[in-house]
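We just call them A, B, C and D in the order they show up, numbering each chain from 1.
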Amino acid sequence: MSPALRRQAPLLATAGILVILFATAAFLYEGFFSGRVVVNLFSDNAVLGIVAVGMTLVIFTGGIDLSVGAVVGFVSIFTAIMIQRGYPPALVAVAALAIGGGLGAGMGALIHAFRLPAFLITLAGMFLARGGAFWISTESVGIDHPVANALSGFELGLGPVGLPTTALTVIGVLALGYVAAHHTRFGRNLLAIGGNENSAVLMGLPVGSAKVWAYTINGALAALAGLVATIYTGSGNPSTGLGLELDAIAVVVIGGTLLAGGRGHMLGTLLGLLVFGTIQTALLFDGRLSSWWIRIVVGLLLLLFILLQRGLLRGAARGK
Amino acid sequence: MSKSKSLSPVWWPLIGLAVLVAVNLALNPAFLNVTVLDGRLYGLPIDILNQGARGLVLALGMTLVIATGGVDLSVGSVMAAAGALAAVLLAEGHGLAVALTAGLGVGLLAGAANGLLVARFGIQPIVATLILMVVGRGAAQLMTNGEVVVIKNDAFAFVGNGTVFGFPFAPLLAIALFVAAQLFLRRTASGLFIEAVGDNETAARFAGLGAARVKGLVYVICGLCAGLAGLMAAANIRAADSYRMGENMELDAIFAVVVGGTALTGGRFLLLGSFIGALLLQTLTTTMYNLGVPPAVAPVPKAVLILVVCLLQSEHARRWAVSLVKGGKK
Amino acid sequence: MTAPSDGPLLSLRGVGKRFGPVTALSNVDLTVRAGEIHALLGENGAGKSTLIKVLTGVHERSEGEMFFAGQAIHPRSPKDAERAGISTVYQEVNLLPGLSVAENLLLGRQPGRAGFVNWGGVRRHAREALARLGLDIDVDAELGTLSVALQQMVAIARALDLKARLLILDEPTASLDEKEVAELFRIMRRLRSEGMAMIFVTHFLDQVYAVTDRITVLRNGTLVGEYLTQDLPRLALVSKMIGREVNDMAGRAADLPPPDDSAPAVVEARGLERRGAIQPIDLMLRRGEVTGLAGLLGSGRTETARLLFGIDRPDGGEIRVRGEAAKIQSARDAVRLGLAFCSEDRKGEGILPNLSIRENLILALQAKQGVWKTVQRSEQEALCRHYIEALRIKTPDAETPIKNLSGGNQQKVLLARWLATRPELIILDEPTRGIDIGARAEIEALIGRLRADGLAVLLISSEIEEIARNSTRVVVLRERRRTGSVEGDAITPPALMRAMAGASEGGAS
Amino acid sequence: KPLTVGFAQTGAESAWRTANTNSMKSEAEKRGINLKFADGQGKQENQIRAVRTFVTQGVDAIVLAPIVETGWEPVLREAKRAKIPVVIMDRKVQTSDESLYACFIGSDFYKEGAMAAEWIAKNAGSRSKIVELQGTPGSAAANERRKAFADELAKNPALKIIDSQSGDFRRSGGKEVMEAFLKKHGKDIEIVYAHNDDMALGAIQAIEEAGLKPGKDILIVSIDAIKEGVQAVVDGKINAVVECNPLFGPKIYDTIAKIKAGEPVERSSYNVDIVIDSTNAAALIGQRQY
């Protein structure tokens, strides 16, 4: 195997297993192999996908952000309340993005300037955002606004299936994320920082600004995910996104990105998202399991997936 | 004076704890009052210790896992599974010994599974333990059929509620574990081995350490701690609530460890720091009940506390603050 | 390209640097002119790397002034220094093992516009930069899969590619073999003729005399003086560096015994092989002998050592220890069998950066004894005292984190780590890498003592003279295959060189 | 061909919820209905995903137990477009268009809270100081039970809430919060109002450990009426529980059958909930199924 190909081996292995997974589900469940299911994979996982893209960038630097789920919740209820009070949706959206980005920038700045552990700082961010969300309102609030309705009703027709706003957004964000991570200096700098921050400094890379930007973008993407969640449901809910951060981290890591930083791929995140979604959809199609068996089976499927991924990679490494 | 010998990192969470207690005292002078009721010590500090005991036990195991550069997300679910199994066995009429052994056995098994995945298959700890986090909760619910199983065994309840000479048993147990662990880790080479693996695993392996074995073992210990914490939690409320027991406890445990001065990247660990960290967290929770902070915004003071302790701990932040003060005087 | 007509390109005046209570530098002057190669010399821990890091803004200086191209400079980060026109290869390879070679070469200044990366351009540019150094490496390979030497070459290629006015090379040749060194020197000479200034740190005196024009010597963080290379004889230079007289090393160690085929083998390998790493190889490592393993870069020396030590699993062949078949499946097994392996990759496979010297030092011994048989604290401290003195490790105390030591002193701690286990076979992979001339003599003397004490030593070194001076037998590897062996008095650098290059089969095998 | 029904449950967060799920499942089995069960694990996102998947699969009817009130319009519209009737169970949804779902069958959290308050107003006697153990902040049950209780108290100026904290619907939460309350207010506490039985049962332990008699020294009122809660009423440790009946199965499937047959159904109907106190607990404990 050529080195270039070997570097892509994790991705190829993940993709291969995803195909097997999907094919198995399609074989088992009638109606699974359809464009709708594929579109739903994107639209139902849009919030997770958008958050995962930002999380990938942060994890590239060897950092982590636990606040994203709470930011989604905050933005969701913030947007709903502000629109209800009559502010124009565009303005509210911009404000939400600014809040998300601002929180990210603040956390990033603290983490970098004072060498604080990202885990704790973003945990504090999570508590702040969730507290803020409940402070705005402890109840979910419906939105009835022509713009919001138009957005949530919109579908880009593609033959037999239509791509709704949510799916379009996540696909767009994934594409942008891919370009940013793999075709810009910024993205490469992030990976370098995660590889070894000291080395990155010695190599003359702009470590501080890159790190802060990673958290800023991640915060803004979490806010965007919050907007998407609001459009998806046509309502704001302060408890949206509970536990989302863990799902996002799992998606990123399943995609082969190293949590310690320095190694990873945005396409892996896409694959991780699809694996996650496929497992859940397959279980919904099945519909026979009890609450607890669903958990157990999800866990075991994840385990199987990871062991297969490992096995394939080891095989590839041995037979080079 | 050697300025480089800076304050031990244990001091910062301790200062945080002192501040928190001071705030409480200012608002409620009776905060630290302890009385004797029915031959038991009774008062808020006792509650803090009693309710914090589980967190302490979890933090102990988590410290070792984090010291090797790993993390264990499954502890909350393992707690639930251990508590559930013990409760179900008791409900079926088995004795105390069976229930305790089974609960700890669940922890052991879970730890071994995590250790196997991390140390043997080289799977990233966060994913490896995430699997058990999901499966463990499911298994707990499966055991109890999704219901709350009530425990009527008084001997078992002692684990969570008993007193020894008036002093609550659970925190005594936790403290004893900490002391034993500290002695074992620092008197034998085990502490060094764990730190070596966390600091540079490859180098540790090259020096002849069974790095995989060390890593596997810390997960087993962490699993055992989680199992014990599960038993304590079930005993404390005399019931196993498979859905809610141990929920979010993994985050709390990690929080306690990191606030206590052990870096998530592994290497040097501070058992005493984790102890204080866990205590700090429980004090904060109780403080919030005590001050009547509305539940919806209760996370906010938590955030503030984290920030304060973090900033105190950071040498960079302290230096910056000093320069600000000096700059201000000019 | 010319520097401003007069005045030096770089001048440092009264530079000092303290780390807490440790004074690493005090009142150091350094003057470097355009178009010269300036050697910066001194013992391990003299402050060379620290001076360089102050100059490039990694460390903030505690006092003093720095002028570059006539202007006072205050670099706050390596980025500032790069912008000003100073390009640096730091002592430890500071690249990113997870990224490709091409990326490592061009990180931060990839071709492309508006912040986007043109990957085709990156590869092309990287290939050219490597070709200029005469290297043929797949630019898509992950850097971490390369040997330390190749990584070092990549780091040099990166620095050269910056087109700076001052190039700083901190021990770039420590892990290179003759061929690479020659290539590097050729390039350095060319750059000099183009008017570039260079600071060159090395512990190889031959290299100092081969390329440098001027020498600045540091000792204990203070300036000893600046000299013209041609005016300073070797012995004088050595005594200036270490502050005492030392005999220059030349020729084979006087007391080297002839190879003794009757000495019992500590370790014997038969047909040991690993696909993609080494062809089946036989080795006999006898008591009281130093077996040299000679070969060019990538010839498979390190891989052989890793196989012997159980780091990698062999695909075939067997290892016998003290005559009995041994199953060595991990370093742990090897250590327990009385083997020791001092790796060439100090940073990755050697030190535990945040732990103390004491903990680093006793680690292997403790691992050998197991958890339960704890090395008592007093014993630990005695070991530290012993080795700190015996190997002249420069440190305030044994509780200092090892990452605060200079590179050479870290190396000494690692040697001590292995000696403390009282091994029967010690494998030394580049043991003198980055070690100053005084300490080198000590280490070579130590190798002699170990041999005399009846240990088996497997010595891997890219320095042919070092192998020639110390080995009773030499096994030569070429292209991952044992191609011959040289014994006893036949071991001379020219003979080894011929065998390594494949010009003729040196001796019987 | 058997009827296929998709059921999007909120999760398995409590014994109450499990009883509810079991009722749906066993009844489906009895009637030969093919039930597709989806566990939302406490997240609206998951429930929406489940409903959409049901639509994709083309089930005959969907039962939704919404975890929050708003945010269902888009997905309900999808179901309507696919002509799949949706029965909303347990709590209401807010929509601008009533026709998006077929009908609502549920329990009335607000009414439960109000009933608890009424019982206290009637039976508290000279007691007046109440501590409240709230459910999980943001959850519908907690929101409604808190609001209703407060609204009702407003009519009774004698009664007042002296402290209120979230015990997260957990037994351990109830105990922990109650411990803190007891230290803080001491003998001032006269009445405990818990948003569910689990917290009340936890609080009872705390009260006993403080050397007081639950049900006597302190009045305890809670909601749900799980078996253990009713038993506590029988034992005199809880003074009253407001029932919140989870056994929806039969009524739901009857309704679906009617819809499928084109018969008219009631737009919204509630399970009749009762207050269980010392007067009727002993009689009712025998027939508790959950």
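Brief remarks follow.
Definition applied: a contact is a pair of C-beta atoms (placed from the backbone, for glycine too) under 8 Å apart; a residue touches a chain by one contact, two chains touch by 3 or more.
None of these values were measured; they are calculated from a predicted model.
Touching subunit C and subunit D at once are the following chains: A, B.
Chain pair with the larger contact count among A-D and A-C is A-D, by C-beta pairs in contact. When chain centres are defined as mean Cα coordinates, C lies farthest from subunit B. With centres set at the average Cα position, the gap from subunit A to subunit D is 33 Å.
Centroid to centroid, with C-alpha atoms defining each point, subunit B and subunit C lie 44 Å apart. Here the spacing of subunit A and subunit B, counted between their Cα centres, is 29 Å.
Shared contact sites, meaning residues of subunit A that touch two or more other chains, fall at 134, 138, 258, 290-292, 294. Contact of a single residue of subunit B with at least two other chains is seen at positions 141, 146, 296, 298. None of the residues of subunit C touches two or more other chains. Contact between chains, as defined at the top, is found for A-B, A-C, A-D, B-C, B-D.
Residues of subunit C touching subunit A in their complex: 58, 77-79, 81-82, 88, 90, 94-100, 103, 107-108, 110, 112, 115-117, 119, 138, 140-142, 145, 158, 276. Note for the complex: subunit B touches subunit A at residues 69, 73, 117, 121-124, 126-128, 130-135, 137-142, 146, 251, 254-255, 258-259, 263-265, 296-300, 302-304, 306-307, 310-311, 313-317, 320. The residues of subunit A lying in touch with subunit D in their complex are 31, 34, 36-37, 40, 44, 47, 134, 138-142, 144, 152-153, 229, 232-240, 242-243, 280-281, 284-285, 287-292, 294.
By the touch rule above, subunit A contacts subunit B in their complex via residues 110, 113-117, 119-121, 123-128, 130-132, 134-135, 138, 246, 249-250, 253-254, 258-260, 290-296, 298-300, 302-303, 306-307, 310. Those residues of subunit B whose C-beta lies close enough to touch subunit C in the complex are 2-4, 187-190, 192-193, 195-196, 199-200, 202-210, 267-268.
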